[in-house]
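Let me begin by handing over the structure; questions about it come next.
Labels run A, B, C, D, E and F following the written order; every chain starts at residue 1.
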Amino acid sequence: MKLVVAVIKPFKVDDVKAAVQELGMQGLTMTEVQGYGRQRGHTEVYRGAEYTVDFVPKIKLEVICEDGEATSVAERIIAVARTGKIGDGKVWITPIDDVWRIRTGEAGSDAL
Amino acid sequence: MHIDSGDTTWVLVAAALVMFMTPGLALFYGGMVRAKHVLGMLMQNFFCLGLVSVLWAAAGYSLAFGGDNAFVGNFAFAGLHHAVRVAPAGFALTIPPLLFMAYQMMFAVITPALITGAIADRMRFNAWVWLLTLWSLLVYSPVAHWVFSPSGWANRLGALDFAGGTVVHINAGIAALACVLVLGRRQGWPNRPMPPHNLPLTMIGTGILWFGWFGFNAGSALAANGLAVQALVNTHLAAAAAMLSWLVAERAKQGHATTLGAASGAVAGLVAITPCAGYVGGMAPILIGAIAGIVCFFAIDLKHRFSFDDSLDVVGVHLIGGITGSLLLGLFADKSVNPAIVHEGLFAGGGVRLVWFQLVVVVATLAYSFLMTMLIIKVLDKVLPGGVRVTEEDEEAGLDLTQHSEVGYSLLT
Amino acid sequence: MHIDSGDTTWVLVAAALVMFMTPGLALFYGGMVRAKHVLGMLMQNFFCLGLVSVLWAAAGYSLAFGGDNAFVGNFAFAGLHHAVRVAPAGFALTIPPLLFMAYQMMFAVITPALITGAIADRMRFNAWVWLLTLWSLLVYSPVAHWVFSPSGWANRLGALDFAGGTVVHINAGIAALACVLVLGRRQGWPNRPMPPHNLPLTMIGTGILWFGWFGFNAGSALAANGLAVQALVNTHLAAAAAMLSWLVAERAKQGHATTLGAASGAVAGLVAITPCAGYVGGMAPILIGAIAGIVCFFAIDLKHRFSFDDSLDVVGVHLIGGITGSLLLGLFADKSVNPAIVHEGLFAGGGVRLVWFQLVVVVATLAYSFLMTMLIIKVLDKVLPGGVRVTEEDEEAGLDLTQHSEVGYSLLT
Amino acid sequence: MHIDSGDTTWVLVAAALVMFMTPGLALFYGGMVRAKHVLGMLMQNFFCLGLVSVLWAAAGYSLAFGGDNAFVGNFAFAGLHHAVRVAPAGFALTIPPLLFMAYQMMFAVITPALITGAIADRMRFNAWVWLLTLWSLLVYSPVAHWVFSPSGWANRLGALDFAGGTVVHINAGIAALACVLVLGRRQGWPNRPMPPHNLPLTMIGTGILWFGWFGFNAGSALAANGLAVQALVNTHLAAAAAMLSWLVAERAKQGHATTLGAASGAVAGLVAITPCAGYVGGMAPILIGAIAGIVCFFAIDLKHRFSFDDSLDVVGVHLIGGITGSLLLGLFADKSVNPAIVHEGLFAGGGVRLVWFQLVVVVATLAYSFLMTMLIIKVLDKVLPGGVRVTEEDEEAGLDLTQHSEVGYSLLT
Amino acid sequence: MKLVVAVIKPFKVDDVKAAVQELGMQGLTMTEVQGYGRQRGHTEVYRGAEYTVDFVPKIKLEVICEDGEATSVAERIIAVARTGKIGDGKVWITPIDDVWRIRTGEAGSDAL
Amino acid sequence: MKLVVAVIKPFKVDDVKAAVQELGMQGLTMTEVQGYGRQRGHTEVYRGAEYTVDFVPKIKLEVICEDGEATSVAERIIAVARTGKIGDGKVWITPIDDVWRIRTGEAGSDAL
């Protein structure tokens, strides 16, 4: 089992979700995160005091899938989430020892 | 001129109440946009209090109420000259003339503020400043003159508008449509969901609007008398009935009565009763409100049918609600409520004459306001560097950050 | 009938202020529930403005103020018939009679709204609509008649209630208890934490309530005279003193003076001074407020002791606060403040007679309102498909989504 | 004494409006602090309504308006003794004397509340309670006596302050500075960003403040006459003009017109017009407002230059704005607006005498208030166990949790 | 070292926390997430515009534990978080190379 | 590739970000989380009802880096995030199979 993690631009969530679904994945988990990287943040001004905010809102998606599916899921996300502008984000894959579905207790592939 | 302290107090209070409606409107609209545009919306509204008030003192009041031309005022009161002691021609006031100026100022402020709901989330603040200036002087003041000034042609005709059905709601509503046609739709509309970000904020605004509307409508009696009372009662009952009818329609069509629907219905009723407030009585306000609630509920679908992004339904609620009220007044206007009525409504036995006059003024307002607004905004789009609309990136990032360098909420620091 | 423009203005303003209290109450309560129920709460309150207003015009006003029966009004004013020109029997008004109708309408609106605090987070909206309709006509109007109408038995008895201690607060408070007993507790109460989701919202509501209460109490003088002034001063000082005494009690018992405690104390003081506002003077309001603040602080613990889930303490604050004020009035009522008093209070030398009369009216209100409300809600629970309470899943998901298909906040889009 | 019902209504309403300003101020400030301090801020403000009101009835009113000493009142009205029937010496009221007490009470409440903006996020609640008590009696009442009481030395001198430029704004502003100097800076200031956590809340507060300020300034006419009207118009136009000038300055200096800037500018204009409201006319309020907007915009930088953490700019807006208005009045005061003026302003041909008198009163207020406040807070810091400032850990955790055991928002339950 | 990750229904947090604690775990980290899966979302209506919201609020819990404890922690979570209805969530285990306690710098088991 | 994960006290974010940057890391991802552990939570009181809140706001930082850099990144974070008081948090390292930059599709080291 693998966990594919993607940090993407927020407005790409629906497209990526649809794309992942098309590949047959039945679910995913999404988290609101703040990203720091090459993409510049912004400046805020309150009564003359200027604050630089370096973090940019991003969405983190996590998809658990079979070992064999991981790369294709990652590639699909990369294709769909791309705008070509700085800050499009990252995708990475980490190993998973085991996974269970809480409702049934099923493990492994059956848990997905 | 006899000054009555009771009447003066009532109009002082009414002026304060109408002033309070602009912050109320800001919150009403502000809660409905997405979080990243909330300050942009609040700012466009609050800014009306700043800019229009000064313009009104400088020239707007005079253009609306100076002189006795049928189409537009003059500069007799410009810079508030004489405005402290001299009432506009044709008014027999029991309040200090300057108070009349102040009371009308609050109407001049809120009318263009209504437009902001239609153009939400995509106009450059700079463009709004210019639009506001020109619209206020070139559209609001003349139309106010037609209808509110005793020398105005609509007023002379015998058409009725107690507190601004044409001057305020139809005027702002059709101007909103013109702006939307030039600005275009928000990115992603109508496919991308754009849910209200803070409905409790919208409900605060609704409460303030309802409260302030008593000043708007009952204050238009310009005295603390039976007419003011009738107007207050009409205002309240129409809002109540429209809330109910909107919710019934909504429930029937989509299965749920929504909070935003309750607020929207109430505002629709308030809009429709505005022209009628001092001219109808008995259960008529309930009927007018109930009709307006249903009509506006279905009217907000027009934008989907004709694919124009009237973001917060200024056309559906203010334009259509205002027309509904103005025309229903042609049916319900009742001399026993207000002896100042020249031609009674159809149901009061006055025949179709008033309906016809109402229609004439509605159409004239629609035509003038639409064309002038179109002209203004097209010229601005040409003349202003960057045009009237924000860039795609700025729209995505939000008006708050890009126009004002602020964010609405930082709840986690 | 002489109409005074100053008095008329004052009651126009007071009516507007009391109207504004219902949105204020909505926010006060709305901030205290969990985020997923906020619109459900706001909606239950705002809806009172819609439904009760129309019912009041149609029949409620007439049932409360028509005719001269001791127990209930008649249909003489139904559909606002005659209400424009004719004052209810026994009133010597210096304001247009229709304004009296409007002013009382706002009381009819807010009274059932008070109940929503007790039944928070678990009543089906549909059930609320029916409860509201029946309660308004069958409970509110008769009790208002008893106490506010000069022909009502309580009024004739010489019992005092300046602005609604019995009619509004005890009436709503005991009805709230009946509803809670039938509805049962929120899932997880009292073990699962249910902290207020937005205390700043509650504080906005508190500010509006305090502001509006001046209209509620001082407006009940129905004229702009020394009595109205005394009522306004009493109202303010009682709220202030109750805030202080609640905070002192809280600090002593739990170590902290809380913001919610300040708001709750102020409201407790406002409730308790309501019956007394035009009948006491000097430092009495400070005493009454201070007592009410402490009594209500300890009363909110009753629900834990007797295990009924009065979610936002309507019993603790309105029922107990209302009783406290009504009975204290038996001690403090003072003819030198208001010559209309027939029997003075104990401390003013009037003996225990007034205390006794106050007690009679309190008990009668408790009994009638409790039994009728019980009957209404039990019948509704039987008759309505789905009963009065939402399903477990819907309660878990929240009233906002399940009753209204909306969510309160979408701060992250 | 003739009581006019119209005048009485106006002052009743004005009292209610000024009361409403304190919740408005709470929200205005509350939105500007960080989320973990929001209740601390709201509480410090709401608490003024509780504590100061009771103190005012007990002694404060009497110390401000009792007797005819030049420097301080006496105890003639203590415990509201005689206050129902007897007006303070020198007042020819057309309203019930007790109403004058109530109206002034609301000023006594909001003045110390202004200080909370400067000391945000770091004072122990306990210390605030004591500071409030002492400041109210030892600073507010005497200064109010000097200026507002006909027997006060400043009043006798012929210096002008229509609605509290010195008594309220300069007085609170310089006291705020004294408190800040003793309390020290917030941890991390000015390096750590401390952005406003909820600007829509601040805008709600701004709307309420503007609305309430009509009661503050126009109510100070104590009658519903032309003077009240002029004061209302001046108030509105000054706020409007100051909003514009602040935004222009901001735009020029930093490239953006901000929402917080619009709110701040409006408040600066309201502050500056306060002393002038019933003494100037024509376009003078626009000039005064415009000047105040720019002056205050630059004044908020003083704290950075001199490194004192006036957290929400009470010094920049209220102190400097109040001084600006008080001195400009020396130029603009105009007998044709208000015949009660003894010495006219420079531009009205009265020479520099009024400027000089204004300066004397400003300096006297600055000196007295600064020294007394300094004394009070230094003594409290010594005497109170734990001093006046919260611990470092408590400041980090927030006033809400540590002072009040609450949190402002629980949006996710 | 292992990281046990659970995505559960929000109202189960307290029970799961208690259960994990009983197994001797001294701490855990919780994140608010949005889940997409078999469980249906809901529909919102604003002035006639209907929006389908596919994501459902969930809570993600992360517990670091010894290799040998991971499965029992996972099983305990599964037992306690189960309601038997769709949307109960997933539990998975991933390997951890090393862990430190920031306060002391302790590594490995001592860090927990 | 490794993923260094740190759960730290919120007010340490800026310092840690700066420190990580100095080590040459070009980016990181931050999530607001709630931690439960030895550090005590707090009590809230609403109208007499006392609630104990066990969770404490924390920030989770995730940094992807080369295998060889992971330990030094972790150590640097530990040094900077330390206050010495309970609740300073944890740092852990997990393996990553692969990582991509969405904008360019670059993989591995080039993706960072």
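Just so it is clear, a contact is a pair of C-beta atoms (placed from the backbone, for glycine too) under 8 Å apart; a residue touches a chain by one contact, two chains touch by 3 or more.
None of these values were measured; they are calculated from a predicted model.
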Chain hops separating chain F from chain A, counting only touching neighbours: 1
Chain pair with more C-beta contacts, C-E versus C-F: C-F
Equivalent of A-B within the choices C-F, B-E or C-E, defined by over half of its residue contact pairs recurring: C-E
Rounded Å distance, chain A centre to chain D centre (Cα mean): 52
Separation of chain B from chain D, taking each centre as the mean of its C-alpha atoms, in whole Å: 33
Whole-Å gap between the CA centroids of chain D and chain F: 46
Centroid distance [mean C-alpha coordinates] between chain E and chain A, Å: 17
Residues within chain B bordering two or more other chains: 4-7, 9, 13, 193, 195-196, 198, 204, 208, 254, 256, 258, 260, 405-407, 409, 411-412
Residues of chain A engaged with two or more neighbouring chains: 31-32, 44-46, 94-95
In the complex, chain B residues that touch chain A: 396-397, 401, 405-407
Chain F to chain C touching residues, read off their complex: 44-51, 53
Chain E-touching residues of chain A, taken from the complex the two chains share: 1, 3, 17, 26-31, 64, 94-103, 105, 111
Chain D-facing residues of chain B, complex: 3-9, 12-13, 15-16, 19-20, 22-24, 26-27, 30, 38-39, 42-43, 46-47, 49-51, 53-54, 57, 79-80, 84, 95-96, 98-99, 101-102, 105, 125, 198, 201, 204, 208, 400, 403-413
List of chain F residues in touch with chain E within their complex: 2, 6-8, 31-38, 54-55, 58, 60, 70-71, 74, 77-78, 81-95
